[in-house]
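Pasting a structure below so you can have a look.
Chain naming follows the written order as A, B, C and D, and within any one chain the residues start at number 1.
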C-alpha cells in the first residue's frame, strides 16, 4: 500500500518499522523524546522538528533522550554498536559534529580496520544538513565531504521521502557506521512511499531523468534544482540526464561514467563548500576515467567559499539555483575549443 | 451543438491501465489520408510506464492528425479523426470544434470513479486486486513470476467491455502479502481460490500469463467446477525449458542498470522497457519479503534450470476449453511449448511479440481473449 | 600448613601473580627489543602498574567490556588477550591480534570484552558508556570499565561520560590510573580541582582512592565498586595511585622526573615485589612456586617474541581488507 | 609577637571504599580549603599572625592561597601569614608525620588538624606535648568532634594566646599503644579492632564476620565506627581512666546457647551491621593485653593497618594522659563567661 507522505514522516516510519523488526535498534539524541524530566508532557517534542514524534509512545525506553553532550552520547552509540546493538543516534544538526567528530572518525570509522576485521559497528548517525532555513552559519552546512573523506564511514543523503525511508532502513540494517544526512528543507517534501518496509541498497544512484546531451549529477536538495533546470533546458531541446547519487560513500561511479560516456558533458551540483567536495571529487574521477568521452569542460555548481550567511537576501544567493545549473549546462553546450578544432 | 455524425470516428489518447492520466504522442505510423484497416498500427504513445502502439479500432481514412509528435495529451484527448472519404471536410472540422475532452478520471465513466485498487483479506493473506466492468461473465487475470496486476495494463479495460474482470496480485507479488505460506504451484493456486471465495467469484474464465498460466491450469485441475475456460499466455507448465538466466537475473538485480537488460528479455521490441517499468519493479523487489518469496517460488518451480511442474498432458485430458497464445519471439519460455496441448486447445502464436505478448500485441491478444471468453460463456 | 588469610584462594593468588609477572615480562622485553630497533612505531609501557589491571580484571568475565588507553598492554593481558597475538601485533605481523593493522596502541579482542587500546586519550569513556548501555538493554549484568590516565581525565569526553553514565545510571566504572604524569606534565599542575574524587562527586558519582601498587587494595575496592555497578547501583570512579617505571613512551629520557625517583619507586613501590613478599611471608606460597611461574612466564614471552619474529608480515591484499564489512 | 599555630590539612582523607560500601561523604578539596580559611579568620581574630602549614599537592594550599590573595587585593588582612613547611611532598601519611614533627620542633602552640581519625592518629604519633585541635573531614571521625571549624579556630586562638586558663583550655586524652614483638608499632586514639582478614586491602572495616576483638579508649554511643559497638554496650567517657574491651564473634552463632548477643551497630556512616558480641569488660590503663586472635590484621580507628601472623607477638596497652587537645567547649564557655570577645584582642608576646 503506497501513499504520499513527507520525508519527515518517511523517516519516522523507517525508524518505527526497524524498531519493531529488531529489538537491538535503539534511538538516542537530544530531545528525540523531548521533555524527559520536565514537568509537562513526556513526549513533548519528538525531536526538535518532530521527526521522532510518537515513537516514544510505541517503543518507550528504547528512545533515550540525552544530555547536551554530543561526544558522550555519540560515543556511547558507537560503543553500544560495537557490543551488539544497532543504535540510531541523532545529531540534531550535522554542524554539531564538530564536538564529537573524534568518536565518529577516529573510533567508529576505524574499529574494523584497526582491529583486523574483528569489529562491527552498525551505528547510524542521523542529522540535519543544508541551507535555506535561515539558520545561519552553524546550523546550515552541507558537511558531507568531511564524512566521505573518511574510509570506514558510509554517507547517505536522500532527496525524497521514498529514498529516505528505504535508505534509512538499509542504514540501520547495514553493518558499517552510516552517516545519514537529512536535508531540513526536504522534510516537508512528499512522494509516494509504500507502507511496507523496504531497503534501498547503497552505492546505486537513481537516474531521475534520461537525456543524451548532458549529465547532471547531484544529491539532496540540489537534485530538485537540477530537475528544475533539466525541465527548463528541455524546452530548448537540451535533454539532460539527472543522476541522484543517494549515497555518497559508497558512490555509484559506474552510473556516472556510463552516463558521461553517452552524453560527453558533465555538470556536478553540490551544496557543500566548494573546496574538496563531492563536485571536485566526481569531476576529478570523471576527468581521470572518462576524459576521452568529454566534449566540454566539466562544470561545477556549488555555493561560494563562504560560511552560510544569515540574511535571506544573502542565503538565497548562496544556495545553488536551478538557473545556475541551467547556465552551467549551457556553458557545456557551447562550442568547445576541441570541437572548433575538429571542425 | 453539433449533431453526432456516426460516420466520424474520433481517435483519442487511450487510457492504459489504472494510473495513466496522460500520454505522449511519439510518432504516427499512418500518414494523413491513408486508408486504415481494423487493427492497423496507427501511432506510438509513450506513457510513464511503457511505450505502445495504438491500433485502429475501426476502419476508415485518416482524415485529420491532431496529435503532435513529442506532445503530451490527457487521456481521451482527440488526437486524430477517421472517416470515410465521402464525409465532407466541413463536418469533420465541425466535429473537431465541438469535441470536448472529458476529464481524465471523469465522472461520466462510472467505473473510473471508484478506487483504483482494492484489498481482500484471504486465507493466503492480504490480496490486492482490481475489478473492472460488470458483465455477466467473470474473468480473472493471473500474472506471472515477479509480475503484478499492472501486467494487464492493456488487457483489463478491453475485456471489461463485456465482462466483470478481476486482476489480482499473487501472494509475494505486487502489493499483496509477501509472506508465502506455500511457495509451490499448489499453494499459489490455493491462494487464487481463496481469493475467489472472499470476493465471491464462483466460476471464472482464468487468463494466466507465464507462471500465472501454470497457476490457472493447476486451479482448473484441482477445482474444475470453478474454471469456465483457460487462456494461457506464454504459459509455464507446458514444457521443461525456461530461460534460467532471466529468472536468476530478475531475482538478483538490485539496480536499474542490472535489471533493464533482464527486462528487455521480456519484449521483442526492447525499446518498450521504460525507466518507470524498471523503477517500479525495483521498488517492488526492495520490499521486505519479496526477495525470499521470489527465491522460494523459483526454487520450487524452476529449480535446476528447468520447469519442474508440467501440466500439459493433464490439461489436455481435461475438458476445460483452452486457448494458448504465445509471442513468437518469447525469450523466456520458448514458443514451441504452444503446441503442448495438441488439438485440445486453440493455439495462436503472435508474430513480432515476446514474452509480454499481452502488452506488445495488446489488440490481437485482447481480441483472442474476448473471443475465447465469449464462445465459452 | 597455613590457612589462607586472603580473599582469594591459592590458585587465584598464583594467577594474579602470573598475570602481573606476564605483564612485567612482556613490557621489560619490549623495552629491550624496542631499543634494539626491532619494533616499529612507538610503545607505551605499563611496567609498574600491573596491580591495577590485574586487581580489577579478576572481577570481570568476557561479558564485561573494558576500554583501554594508549598504555594498554597490561589491560589486554589481564583481560585475557592472547600474549602471542599481542606480541605479533606489536611486531606488525599478520598473525597479530589485529592482523598487523593496529599495533601497540590498538590491540583489541572483542571476544574477550577488550574494546581496544586507544590512541585518542579519553576516547574510551563514551564507548564504554555504550557498552554498559548495551549490557543494560540485554540485562546480562555486564559492566563496562574505562581506564584513563591522570592526564586524559581532563578530556571533555571523560567528564561528559561521567555525566552521561550518571544520567542514564549505567554500570560503568571509571578507573583513573594516576601515575602522576600526563606524558611529561605533572598531574598536580594540570588537574584544576586537584582531585578526581571531587570531579566524580561533581557528577554524583562516588569516588574511591586506593594504593594502586597494592594488589589487595585494588582487588578489594574494585570488587565492591564492580558489584555495586552490577547490582544497578550506578557508575563510580576508582583512582589508583601508581607508579610508572618507564617514560611516557619508549625513548623518553624522562628528564622531567626527579633524580633517583624511578630507582626509589622500583625499590619501594614495585607492586609485584610487594605481592610476592606478602604471599611468601604468610607461607601461603613457597618462593619456589613463584620462581616456577617466573620461569614459565619468561619462556612464554620468549616464545611469543620468537613466534612474532618468525610470523609473516601482512601482504599487499591486506591493505584493502576490512575497511568495511561490505562496501 | 603572637604564638604560632600549625595547620595540617590532609587532602586525601575521606576517599576510601566506604563511599561505595556505605555511602560515606566526600568533603571536596575546595570545602577543605574553605575550612582552613575559616580557621585562619578565627585565629587572626584572636591575634594569631603566623601559621605554619603542611605542604601538599592535593590542592588545599592552592585554594587557600587564592583566598589570601583575594583578601590582599581588597586591602584586608583577615588572615594570618601562611608559612608552608619546607619539606618534600610524598602524598602519603609520612607527610603528616613529618609535618607534625617539624611543627613540634618549631614550637607551635597548637596544631589544627583537618582529617579523619587516621590523620589525627598520625599527628598524635609525632606531636608530643603540643595540643591538637581536631576538625573532622574524614570518613569515620570518632575522635574529632563535629563542630563548625570557625569555633574550633576561635577556641584554639583563645587557648594559645593565654586568655583561657590552661587547665580549662586543654584536655588530656587516652590512647592505645599497639606493640609488636615488644616494640610500640602503632597507636590508636579511639579503637583497636582485631579481625581475621590477614591483609590490609582497602583498609576499611565493613565485614562483621571477620571481627574478633575490640579495644576502645572511650565508648560513646553518639559516635560512628567500631567504637560505636562498645558505646552501645557500656559507655566510657573520654575523661575517665581506662577503656573497654569487647570480644566479638560471628553473628551467625548469636544463639542463646552460644552465649553470643547480636548487636546492631553503626560501624560506618550509613552502615548498620549485626555484630556478634561474646562479652566485654573494662580495660584498665597501663596493663598490656595480649589479644586472643593469633593471626589476622589490626585495625586502628577503623582502618586495617597491620597484618600479623601467629609468629608476631601483639600486645595492647591503654595509656591515660597520652596527648593534649584543645578543649573547644571549655574555651568557648569560658570566653562567654568572661566576655573575652568584647574588646579588641590584646597583643600577646610570641612564644617562639
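Here is the rule we go by: a contact is a pair of C-beta atoms (placed from the backbone, for glycine too) under 8 Å apart; a residue touches a chain by one contact, two chains touch by 3 or more.
Because the structure is predicted, anything quoted here is derived from the model rather than measured.
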item	value
Farthest chain relative to chain A (centres taken as mean CA coordinates)	D
Comparison of A-B and A-C (more C-beta pairs in contact)	A-C
Central chain of the complex, centres being mean CA coordinates	A
Between chain A and chain B, centroid-to-centroid distance (C-alpha), Å	39
Where chain B and chain D are represented by their mean Cα positions, the distance between them in whole Å	98
Inter-chain centre distance, chain B versus chain C - centres from mean C-alpha coordinates, in Å	71
Shared interface positions of chain A, touching two or more other chains	none
Topology of the chain contact graph, where touching chains are joined (line, ring, star, complete, other)	line
Every chain pair meeting the contact rule	A-B, A-C, C-D
Sites on chain C touched by chain A in the complex	65, 67, 96-102, 106, 108-111, 115-116, 118-120, 123, 125-131, 133-135, 137-138, 144, 156-157, 160-161, 163-164, 167-168, 321-327
Contacting residues of chain D [partner chain C, same complex]	11-12, 15-17, 19-21, 23, 26, 28-30, 57-60, 62, 91, 196-203, 295-297, 307, 309
Partner chain C, residues of chain A touching it in the complex	24, 26, 62, 64, 66-67, 69, 71-85, 87, 102-103, 106-107, 111-120, 151-152, 154, 174-176, 203, 250
Residue numbers on chain A that touch chain B, as the complex places them	1-2, 162, 166, 194, 196-201, 204, 206-207, 210, 254-255, 258
Complex interface listing, chain C residues touching chain D	2-3, 5-7, 188, 193-195, 197-198, 201, 206-210, 214, 216-217, 219-221, 224-225, 228, 236, 239, 241, 278, 281-283
